[in-house]
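Chain IDs A, B, C and D follow the sequence of writing; residue 1 opens each chain.
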Amino acid sequence: MITLFSTLLVILIVAGGFVSIFSKKLLSSVISMGLVSLGVSGLFFFLQAPDVAITEAAIGAGLSTAIFIIAMKKIQKGGTSDDE
Amino acid sequence: MVDLILGWTGVVLVFIGVFFLFLGSLGVFRLPDLFNRLQAGTKATTLGVVSTTIGVGLIAKGWLVFSLALAIFLLMTNPISSHALGRASYRAGVKPYKGTNPDLYAEKIKKESDQK
Amino acid sequence: MMSDTPEIVKKVFAIFVVGVLIIGFFMVFTQMPKGNEVNVNNTVSRFYVMKDVDQATQMLDKGTYFNKDMVPLRNDVPYTPITFGKSENLEDGAANVVTSIVVDYRGFDTLGEVTVLFLAASGVMLVLHGEKRKVPKKKIAPSEIMYVGTRIAFSVIFLFGIYVFIHGHLTPGGGFPGGAIIASGILGLFLGRQGYSPNKAGLTVFESLSGMAYAIIGIIGLVAEKSFLANFLPTGTIGNLFSAGFIALIYIAIGMKVGSELSAVTNAMIVDTEED
Amino acid sequence: MIDFLQNWIYLTGSMALVGIGLYIVLTNTNIFRIIVGLNIIDSGTNLFIVTIAWHPKSVMPIYTATNNLVVNGHVISADPLPQSLVLTAIVIGLGTTALALAIAVKIYQKYGTLDVRKIKEEDR
């Protein structure tokens, strides 16, 4: 059962990585990076490392994405599109 | 005897929660625009998750304090985050469904801009 | 010239490099031990789990530690089994083994890591310092619900962060996630009210004081136990709140330091954004 | 077959993340996208290190009332040492990401662009 869940999570994180490669908007790329971090934190929980899972969920999925979006808002109005 | 009654109450609460979660996911599929979906997703999910956590706490007694704290936190934050999402998406220009009537928030925005 | 290279050539080259890398990794994976064969019994950190590093030191002195064929633990090491809630006066009383490695056995490593985080935070504040302040053109005030709700939620989140880093030696968590949780609560305050800014000087003083507390605890260990960052408090029964000696003290210091540092970074990033 | 899959699914996931991050770093010229790629590589390496510490019958390295780590003299928990390394590496990753973003914002304010090639041409 856990193997099934972890396989689904691995598929989820690889799909999130591909979204962040091929998306035209920078914002969706950053948000899929946060999704990858969230999936990796779930995998840490299945790998019997709850400490690392909590840290990754608080820092990688929460604060890191927030800081990215704040910095993007700083350089452009709205900050949604790529630099032209 | 008390344990048995509490356990069955927990099971009933979990079933109620699962039913409301199902209704929430159905609403996300069926409703027409972002605001209606947000409403379905938040209202049904808040009741569903809260009653599920309290039910789990009643079944496993050791977790009752934790599940009550979790339920209170969810009751506080879930409506606020949904409110912020809806407000931000209205400000960002997401058009509501054409049957939405009356649109009170548009009138409020207009009044605010007139004052300035 | 780099700019003359067409896009498709770059993509093909990148796919080639990534493919070579992944093929190399998979060739290495076939040499690795399979999942069932990996065992902590054959690695160095089994003594951390047993909470008895003195045994490892004795064996290193005798020269019998790094054998090619290590036998299971029961044959070469006499040990006392650890029972939750009963074992007392262990070498390190934390129930969470990861915490006892991070703070106790490898505490000096963590001191260096906190220093790296401090350098990064001060670099952010140095780079973003002294931007020109402008009057905001148009201002959308956040609603009343956000303003009140984020404040109530912040108090709960703050309390939860403190719980996480005080109970770092019993439950998953510790100083680093606790500090990050507090910093995300402060980020919520920023979102709830426009123009909110915490007391910058207070944050800096708080962060320096907690950083100093870490070093002072280390020096007390140097004086009392003749080793930097040695445990100078008695350990109690495993599983109690007061069981791990100085681990709780150091994790409180780390939690306050990380929380104030990340809040200061968020503040430095966010302040100039609002003065558009 | 199941044992084979249990270990390899995590290794495959981590190496896929490293490959995706490397592809992003190699093909993009926008500085922000490069930082996104570096973050994904960071996640992949952390997942790899935690995977090495794990075996399919392991338990989490925390003593609780129902979770005993040493049975009959054999340590059955996951290896706690790589986990503690990763714990600190994640926090450092956030610090360096924030520093890189701050420097990128300064670059944008100076040159008016985030494209690496345009910055190079303006510098010449």
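Convention: contacts are C-beta pairs under 8 Å (C-beta built on N, C-alpha and C of every residue); 3 or more make two chains touch, one makes a residue touch a chain.
Because the structure is a prediction, the values reported are computed rather than measured.
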Hey, which pair has more contacts between C-betas, B-C or C-D? C-D
State, to the nearest whole Å, the distance from the C-alpha centre of chain B to the C-alpha centre of chain D. 34
Rounded to the nearest whole Å, what is the centre-to-centre distance of chain C and chain D, using the mean of the C-alpha atoms as each centre? 15
Between chain A and chain D, what is the separation of their C-alpha centroids in Å? 11
Listing for chain B: what residues touch at least two other chains? none
Which chain D residues sit where two or more other chains touch them? 6, 16, 23, 54, 58, 61-62, 77-78, 83-84, 87, 90-91, 94, 98, 101-102, 105
For chain A, which residues are shared contacts with two or more other chains? 49-51, 55, 59, 63, 67, 71, 74
Taking the top-of-page definition of touch, could you list the pairs of chains it picks out? A-C, A-D, B-C, C-D
Okay, in this complex, where on chain B does chain C touch? 73, 76-77, 80, 83-84, 87, 91
Chain A-touching residues of chain D, taken from the complex the two chains share: 2, 5-6, 9-10, 12-13, 16-17, 20-21, 23-24, 30, 32-33, 35-36, 39-40, 43, 46-47, 50-51, 53-54, 58-62, 77-78, 83-84, 86-87, 90-91, 93-94, 97-98, 101-102, 104-105, 108, 113-115
Within their complex, state which residues of chain C touch chain A. 96, 98-99, 164, 172-174, 176-177, 180-181, 183-184, 187, 262, 265-266, 269-270, 272-273, 276
Given the complex with chain C, which residues does chain D contribute to the contact? 3-4, 6-8, 11, 15-16, 18-19, 22-23, 26-27, 52, 54-58, 61-65, 67-70, 72-81, 83-84, 87-88, 90-92, 94-96, 98-99, 101-103, 105-106, 117, 120-121
For the complex, which residues does chain C have touching chain D? 2-3, 10-11, 13-15, 17-18, 21-22, 25-26, 29, 34-41, 43-46, 48-50, 72-74, 79, 81-85, 95-98, 101-102, 106, 109-110, 113, 116-117, 120-121, 123-124, 127-128, 171-172, 174, 176, 180, 238-239, 258, 262, 265, 268-269
